[in-house]
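Per-chain numbering from 1; labels A, B, C and D assigned in written order.
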Amino acid sequence: MKEAICVKGLTYSYPDGTPALGDINITINEGEKIVIIGPNGAGKTTFFLHLNGTLKSQDNRILIKGKDINGMSNSERIRKVGIVFQDPDDQLFMPTIFDDVAFGPINMGMPEEEVKERVKKALSKVGLEGFEERVPHNLSYGQKKRAALAAVLSMEPEILILDEPTANLDPKSRADFIKVINNLNKEGITTMIAMHDVNALPDLADRVYVLNKGIIAEGSPMEIFSDWDLLKDNNLEAPDIFKFFKVLGCFGYNCEDLPLSLDEAVEVLARTIEKENGHVHLHIHEHTHAEVKDVMHSYNHHTTWHE
Amino acid sequence: MDYPEIDRYASIDSPIHNFDPRAKIITFMVMIFSFVFLDSITKALVGLGIASLIYIIAKLPKAFVIHRLKVVFLFLFPLLIIMPLTVDGQAIAQYHSITITLEGFQYSSLVIIRALSAVTLALIMLGTTRFDITIKALYMLKVPGTLIQMLMFTYRYIFVIMDEFQRMWKAMESKGFKLKANRYGLSVLGNMIGMLIIKSYDRAQRVYQSMISKGYTGNPGTIVNFKLQAKDYAIALPMILIALFMHTYHLVL
Amino acid sequence: MHISDGVLSPAVITAGWAITVLLLLATLWWGKRDVDIAEEIPKISVMTGAFFVASLIHVSIGPTSVHLVLNGLLGVVLGTLAYPAIFIGLVLQALLFQHGGITSIGVNVINMGIPALIVYGVFKKGYSTGINPSILGTICGSMAVLISAIMLAIVLISTGEEFTEVAYAAAAANIPIMIIEGILTGSVVTFLLKVRPELLPINKEK
Amino acid sequence: MKEAICVKGLTYSYPDGTPALGDINITINEGEKIVIIGPNGAGKTTFFLHLNGTLKSQDNRILIKGKDINGMSNSERIRKVGIVFQDPDDQLFMPTIFDDVAFGPINMGMPEEEVKERVKKALSKVGLEGFEERVPHNLSYGQKKRAALAAVLSMEPEILILDEPTANLDPKSRADFIKVINNLNKEGITTMIAMHDVNALPDLADRVYVLNKGIIAEGSPMEIFSDWDLLKDNNLEAPDIFKFFKVLGCFGYNCEDLPLSLDEAVEVLARTIEKENGHVHLHIHEHTHAEVKDVMHSYNHHTTWHE
């Protein structure tokens, strides 16, 4: 497998001296689906800005497909890594949607015909066909989010980074957006997403990094969510379904892999029942109540106001 | 606070709407500059007549133009009161030491008529083209890229910041604030404007980062396709000639 | 405070455009000396947007209401780049809202922009001599409007002596605005000083 | 029970003529805990702005504690209804937290001593004691959210309205915030919350309204989430736990009340098992697979991009 992103000991402080990122080391392979979680203010955006060279790192800390990002030309850099930021209004800065989606390809020096082709393709990928002449101001929030994605897709980046793609979307827009991202990943694009929304995480992650100034942990969603202390120390949470299966365990339910999402839960449940000859017993034994209490307690955040 | 909807009727179909944006800007600018320098009421009225005629051809709704003309008229209205009283000349009415002069009246009328015809022309020029296309046409007309980009981005963010401002204002109102021109009112307003500036500064930073992420190097990245056709010359030429003729006919005739 | 189309004489209009173009070139060139203009373009644009929106605020005084001018504040915050910012702002005001004429943009930008540049110098100088920034802000806010009003009067009178009394009246009408802008600019500067001092032209030289 | 809010036939169009709200009728009693859900752009914010008179309704459409809001004085109005908007940056515009939290009480014309008292009290309620002199702009996002809440609490409103209080918060800040809101409700404040976050909804709602320009539906969270068509038509979703219990039903699990949150799920499960003599059987019968498919399908949104 080839490396898409390799970060070696990245450290960064804000201009005023506040440390933002400390000694970050990660390696991401081509085609992977990565989610980055971490509390508010963990430095996710700052980290992302390094990955496409918008913020410059010191000496060769960031390799994209084996090549130092700081050594890349402008158009190579943006062809490799595309970033979709959280607020679509920050990214739709041109007068029309066409201009916004065409902005990247034009800066890559493409001929006019190809620019138009790419705009069309990018807009159709996010379901905004025919929106070329529209003005960003008149779009709904969900449409703006998609337009901002299209404006990055038009550069056809090999690596796609998204900052909180599902924030502030209603459930349907959110489901739609997740589907688009997954389709892009299936087409071979490496995706890296920062999000708080743990219930949507399992759909978007093969592997999870916990970031809080530095990389605190790395692993499959399962590994991360099983580590109670880790979650607690970093203001994180596990999906409700996952927690519920932990509870089921206290009632005598026995399953090897815990599900993280509803879809997985249905599968896991059916598999477990089949494996146990079509029957699963849930019962209360002498330790059940104590165990349940334990599980619930592990996942409950103490309310400590002072951050 | 209303959105600037100058191009609200840009999708109507009329000869002026279909006029090539670059030719339109040149033609209308020549006319505007010509009409604001007309030196007699008669000529200015002819100018206003021509402007009105073009307005009819452009099929723009009445309310769109009237509302905006009214603003300009009210702004200039004080001239109609002050100048007849202050400019020296032939008295048309007198009351004790107060004299109303014909010259004052004529001069102020001339100014107002010239202003109205210029604004009418400007409204037709802007109202029949999407504003982004107007800006792009200016770019094609060799207005420097730096200014063009500033126009584009400022125009775009006026809408975003207006929304932001409205939200702040609503939040203040729902805490019982009413703006009055006193110290407290102005100091609160000052904080709010300060906040708006800070937020915009931060946003500018984020916008810049997102531009850099798309390979921005300081050039206006935009594609414009305008094609001058025979019909554009056919509209532009007579209009420009009329505009010039208004100033030079005494030399010709 | 913006002059409409149809008021000014050809000579004044021409001079206005000539001076504004020169000052635009000069201020942009000056700006390019120490910053990357590619970075400054989005910055000035978004900030100009903010000032544009703020200048749409009406403040009621008695039966009438006035628009904010904010050219003093612009000068303090944006420095020499206030001139192109005011240019863009006034172009958009003329085109989008018909506040001020199209032909008179050149003159109007001078009337607003030169006071902004002067006030920028005053603020920097005043701050380095230790004047309280809030008071300095108040002075700058009022002063910018005052200079604008005087320049407005000069422009009107130089276009024709018929305008003499109109010019006085227009200048006098700006007195309440002067007071409001002073208080307002003072409080914005106080706010910025506390929350984001790096937006003010202080300590930049050190 | 006394009526806190009574809205009778409220209709509103934006200045440009676009209809925003149509014929809204609702009655909310004192001390209730209401959640309003609806897709992006459903008119929630516009509705809220009417409830404290920031937007004026035509003729007596809105009664707060039986009194027309348009007939109230400024200070009475804001003492009755406090609104916390979504983005804290839109609500904190003073140089210090103290000034922001004192803003409402000052506008009510209170004497200085009482203002100080109220600021202290409000800050302690949200866990920001001692933050008086801090600059709001420099706080973390979660802290800003709480400061914005404190700035409304200082007016001691009898009715508290919150727009998307949990949006963009990391899980811990979110859990904290929910706890504060519930405490306020327990103290007797009527709370009304707009949110997309259905997994947090059960904690915050006795009763739910579905708003989409008009009131589409009203009921207990259970009733609302059981109505598949309603959810689908309005781009909404049910909590994962709820959906999972629907699935459990297909495996022969029999429970009368479906749980909406993890806490409830644990209770319900224990209760059901106890009721069935300590044992629950999950098994696959001939219809199980078809039924599961049915349930899952009902809750899946079709991806139709064009809104």
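One rule holds in what follows: a contact is a pair of C-beta atoms (placed from the backbone, for glycine too) under 8 Å apart; a residue touches a chain by one contact, two chains touch by 3 or more.
Only a predicted model underlies this, so the values are computations on that prediction, with no experimental measurement involved.
Colleague: Taking contacts as defined above, which has more of them, B-C or C-D?
Modeller: Between C-D and B-C, contacts are more numerous in B-C.
Colleague: So, what's the distance in Å between the C-alpha centres of chain D and chain C?
Modeller: Once rounded, the distance between the two centres reads 45 Å.
Colleague: Mind checking the centre-to-centre distance between chain B and chain C? Centres are C-alpha means, answer in whole Å.
Modeller: 19
Colleague: Between chain A and chain D, what is the separation of their C-alpha centroids in Å?
Modeller: 27
Colleague: So which bits of chain C are touching at least two other chains?
Modeller: 42, 190-191, 195-196
Colleague: Which positions in chain D are in touch with at least two other chains?
Modeller: 95, 137
Colleague: Give me the residues of chain B that touch two or more other chains.
Modeller: Residues 131, 152-153, 155-157, 160, 191, 194-195, 198-199, 203, 207, 211, 216-217 of chain B each touch two or more of the other chains.
Colleague: Can you name every chain pair that touches?
Modeller: Listed in label order, the chain pairs in contact are A-B, A-D, B-C, B-D, C-D.
Colleague: Can you name the residues of chain D that touch chain A in the complex?
Modeller: 38-41, 126-128, 140-143, 164, 167-176, 179, 196, 198-199, 235-237, 239-241, 243-244, 247-248, 251, 261-263, 265-266, 269-270, 273-274, 278-284, 288-289, 292, 296, 300-301, 303, 305-307
Colleague: Note which residues of chain B are touching chain C in the complex, please.
Modeller: 1, 4, 6, 29, 32-33, 35-37, 68, 71-72, 75-76, 78-79, 82-83, 85-87, 103-104, 107, 110-119, 122-123, 126, 131, 134, 146-147, 149-158, 160-162, 165, 179-181, 183, 186-187, 189-191, 193-201, 203-205, 207-208, 211, 216-218
Colleague: What does chain B use to touch chain D in their complex?
Modeller: Per the stated touch rule, the residues are 2, 164, 167-168, 170-178, 188, 191-192, 194-195, 198-199.
Colleague: Which chain D residues qualify as touching chain C in the complex?
Modeller: 95-96, 135, 137-138
Colleague: Under the stated contact criterion, what part of chain A meets chain B in this complex?
Modeller: Where chain A meets chain B, its residues are 49, 52, 54, 74-75, 77-78, 82-83, 85, 87, 89-96, 99, 102-104, 106-108, 112, 115-116, 133, 135-137, 151-152, 155.
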